[in-house]
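So, here's a batch of structures to check.
Presented sequentially are two complexes of chain A, the first with chain B as partner and the second with chain C.
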Partner chain A sequence: MNNILILLIVLPLLSSFLVLLVSFISRSFPGKIFSLGGIALSLGLLFLIAPAIFSGGTFSYSVGGWKGPLGITLYMDGLAWLTSLIGTIIALLALIYSSGEKDYHPRFYFFFLLLLVGMQGVILTDDIFNMFVFFEILSISTYALVAYFQTGRAIRASFDYLLLSSLGAAFFLLGIGLIYQAGGVLSLEGIREVTIHLQKNSPSMFNLAVVCLVIGIGIKAAFIPLHTWLPNAHAYAPTPVSALLSAVMIKVSFLATWRIIDIFQAFSLQYLFIWLGAFTAFLAVIWALAQTDIKKILAYHSISQMGFIVASFGVASSLSLTASFFHIINHSLFKSLLFLSAGLVIYTTGIRDVSKLSGLGRKMPLGFFACLVGSLSISGIPPFNGFASKNLISLSLKNYPVAAFLILLASVGTVASFSKIMRIFVGSSAGDRIKKVPLSMTLPLLILCAFCLALGIFPSWGAGGISRLIVPGSFSLPGVYTFWQVAASILILAVGIVFYLLTLTSYGKRVFGYIRQMRLGLNNSLLLLIISLIFFVIFIQLF
Partner chain B sequence: MSFYLIVAIFMVGIWGLIAKDNLIKKIIGLNILNSGIVLFFVYIGSFQGTTAPIMEKGIKDVVDPIPQALMLTAIVIGICLTALALALVLKLYQKYKTLSISQIEKMSKDE
Partner chain C sequence: MERSQIVTMVSRKLVPFILLFGLYLISYGHLSPGGGFQGGVVLASGILLLFLSHGFTLVQRSFPERHLNLTELVMVLLFLLLGLAGLLLGKSFLSNILLLGEAGEIPSAGFILLLNMIIGLKVGAGITLICFYLFRS
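So, the complex of A and B:
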């Protein structure tokens, strides 16, 4: 059974090479069969070990038979299994969607599978240098995928992303070097053992190393101030890739940050995350409101929802960690649903600007339904999954009223900007006929809708299971569907819609037009990365 | 002494990455930054010995081989990144006919 861990990495890797190889031999043979096969087999393997995971089992595998602490060990517990499962399911759905959307080149499937390899590797590995290598596999394949269409903007987005993320990776490597110098170990479990010793003996070196590691991966997890690359990269990538980037890539990076902070016991940094998260959630929503490009709106909302996750993680109680992880899973589901349905809108009409679209509801009822489910989920309206996890997050922020208030404002802003997206489905429509949508594009949307609804109606399945995995002892989750909470979400909905109407006034338009112009260039983003590194170092030294 | 030199190389790399307007110079800055880190790792390994870690009879007092092994991987990754970045720069040049990031940013805003 332990061999399954390495198979989870090798299967997508093997199928990615098969896709390319077959495309060299015969142009007509559909190579994407292999990509589907590789991902479906991984999914099957994950289900195969499900019973053992649910009974509390863990798996570990020494790569090449070399035992730790010097050899590389793969390790899987319940949380890793859950992350890997969600990532694989969404990758499979995005792949099915992509086969209907367009005739993608075999290169696309090659990089798509490599992305999955990197994701599985980062989740499974227990060696910090190996984590760096898998992060680079993940990142390099995403740079190539973002630039896939080779339009000027896509290439620029990819280039910005490459430079920022490589600078982050360089700092990550520096952090590994500092840790190795101080502790002489590279495996995460080994580091956990020497952490207390290091904190006492060489605190400033240790702190520098932690900050380098956290910033190095944090740039991929995209919380403010490390978010600058995300909107362009997610907006100009092909739609299935945007879905996968939002749903998987930033989540996996954040979970790696989570593990690093847990292992290094950097609790002051974790406290900082409450405020970073709250400001991220709030500021990103303002920028999202200012956008008109449908995919850019969604991309800014990815940042904003990361803020919810990060803030809840910062509180570090058993409730808040459960809420944070639950929101990670819910956000993966509804954000991929939203990106795919936005892709459906772009596919059928060829227009990305929400202000130029209207009356689509009658022409594409299925797209309307999917987008509605996604929007209600992300706005936290019962009975969808966003409602459950957002409620748990606001409950866990009880002791931090300012952060909770910022999160509340972010929820209102979310409703407002999704009213903007939903507006394209109502009203009068221009009379031209639209393209027919193949089944392979609508089926993934329906499956994701079902997931969103199921986790919303039965939150105890998701949150209860997660809390058992995160918190060892028994711990009772507060109920989600109380009268006051449902009433509060209805109130947020009402205020959000009023706020949306306010943005439509000429004054609102002028303000948001001005905000839309405020963007950081590449040089300033790089500088911001360095400044936030210095800020983190000062913060961790002082507290 | 060598430690300060490594820090200096690292800083030069960061400066090149941030301050240069030319895309290719930025990539060279990234490479210098990576070289600084490679040197840092090799420097860490050199604390405990003096000779190269070729495990033959009679060779004692070797340096720590692990950082060197790690850096082989890191150098390969760095080359991949450089190749991809240069390919992107080529495409950008074909689109915008310039290598200056500030001009490209200006042009892609109007698009």
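So, the complex of A and C:
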């Protein structure tokens, strides 16, 4: 049973190299069968250990039979299992979608599987240096995938991400070095044991190390002010990759932050996350409203929704952690749904600009339906899953009215900018015919729609399961479908649509045109990274 | 670029020894400083010296790109399969599957020698390929 942990990492790795080998031997043989097979097998393995995980079991595994703290160990608990499950499901669906979209080079499948290897490794590892290694695997495959189309913009986006992310990795490595020097251990469990001792004896060194680790991963988790690479990278990547990056990769990085804050007991940083999250949610939505490229809008919304997750994580109560994780899962589902349906729009029309599209609803009813479900989910309208988790988040932010207000504004902005996306499906359409869409592209959309609806109608099923897996002890989840909450969501919908109409006026257009011009270049983002590092250090030293 | 007789001659005489030294590093990796990665890099540096002194076409003839690619791929797969073999024998992933032997002998330390050889070939092929791609463009 314990062997499953290593198989989850080795199977995608093995199949990724098999894809390359097969393509090397015969050009005609479809190597993607191996990639589908590898991911499907990992999914099967995850289901195999589900009963044990749900009865509260944890697994650990020592590679090569060398026990910790010196050997390399893997560890899986409820948190890791859920993340791994959602990552594998989304990867499988994105891969099915990609097989219909176009003929990708075997290299694409290779890097796609390598990305999955990195994610599984980051989730499962119990060793902070190994986490660094797997983060590098993850990042390198991301650079290659973002630049896959080899257009100037894609390469530029990938290069910006490469510079920022390698700087983050350098900070992460520095943090590991500091911890190893002070504590002499690298395994996460070992660090947990020496944490209290270190906090007492060398607090400033310890704090610097924690901040380096958090900032290093924070680049990949993309909360403001470390978000600057994300919109371009996610927008110019191939669609299945955007779906996987937005839905899973930033979540995995955030969960690594979660683990690190938990293990280092950096509770003052966790408090800071409430404010970081609230501002992230609010500011990213404003930029999302200003965009016209459909994938860029979605990318900015990924940042914004990360803000919801981060803010709720910062509150650190049982309810808020459950809400945060529930939103992670929900966001993975509806954001991959939205990215894939945006990809469908681009596939059929070849246009990315939402202001140039209209009347698609009649031509592609399925794409319309999928995009509608995704938009309603992300806007938090009942009975979709976004409603359930956003409600839990706003309940958990009860004691922080300012943050709750910012989150509320972000919800209104979300409705407004998804009204903009939905507008492409209504109205009159030009008469030209559109490309036919293969079944392998629509099937993943339907599956994701079903998930969104199921988790929305039975929120206690999803949130209850999550709280059982990740929160020690039991607590009673508040009900989601009360009269006031449904009424509030309807009100948000109405205000959001009014706000959208306001952005269409000439004054609104001028303001958002101005905002669209305000972009941070690479130099400024690097500067911002250093400033936020210094700010984090000062904050953690003072509080 | 004008080709210098001295450089051509010296590198031709030197390359076999560099390759031999690479193999030495790989095969003694479990006993002395060195190992698969270092040995592989030395192997690659030998090939690169040939490449710099004799030009691309000649090196391509004796080290075709396709074969280097294939070596790299197969070595990774072999490494993984060796790891999985431990799993099949009821131990854990990448645990030793061979006899330990006597410490200090060349065939000792279980399958470390085997792994070093695999890594050496993989790294050698990989670094050579990287430089091929870089110099060609």
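Going forward, the second predicted complex is superposed on the first by the 543 of 543 C-alpha atoms of A that agree within 3 Å, B and C clash if a C-alpha of one lies under 4 Å from a C-alpha of the other, contacts with A are read in each partner's own complex, and residues count from 1 in each chain.
What we mean here is this: a contact is a pair of C-beta atoms (placed from the backbone, for glycine too) under 8 Å apart; a residue touches a chain by one contact, two chains touch by 3 or more.
Just so it is clear, the structure is predicted and the values come from calculations on it, not from any experiment.
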item: Fit or clash between chain C and chain B when superposed on chain A; value: fit
item: Touching partner for A:N3 - first (chain B), second (chain C), both, neither; value: second
item: Contacts of A:L522 with chain B and chain C, given as first, second, both or neither; value: first
item: First, second, both or neither for A:A316, with chain B first and chain C second; value: neither
item: Apex chain A: angle to the C-alpha centres of chain B and chain C, given in degrees as a multiple of 10; value: 40
item: Which of chain B and chain C A:S158 touches, first, second, both or neither; value: first
item: Partner chain(s) touched by A:G64 [first = chain B, second = chain C, both, neither]; value: second
item: Touching partner for A:L21 - first (chain B), second (chain C), both, neither; value: second
item: Chain A residues touched - chain C or chain B, whichever exceeds; value: B
item: First, second, both or neither for A:Y180, with chain B first and chain C second; value: first
item: Touched partner set for A:L13, first chain B, second chain C, both or neither; value: second
item: Least Cα gap, in Å, left between chain B and chain C after the two complexes are fitted on chain A; value: 7
item: Chain C contact footprint on chain A (complex, rising order); value: 3, 6-7, 10, 13-14, 17-18, 20-21, 24, 61-65
item: Chain B - residues contacting chain A, complex; value: 10, 13-14, 17-19, 23, 26, 30, 33-34, 37, 40-41, 44, 66-67, 70, 73-74, 77, 80-81, 84-85, 88-89, 91-92, 95-96, 101-102, 104-105, 107-108, 111
item: Residues of chain C touching chain A in the complex; value: 69-70, 73-74, 76-77, 80, 83-84, 86-87, 91-96
item: Interface residues, chain A side, partner chain B - complex; value: 70, 129, 132-133, 136, 140, 143-144, 147, 150, 152-153, 155-156, 158-159, 162-163, 166-167, 170, 173-174, 176-177, 180-181, 186, 521-523, 526-527, 530
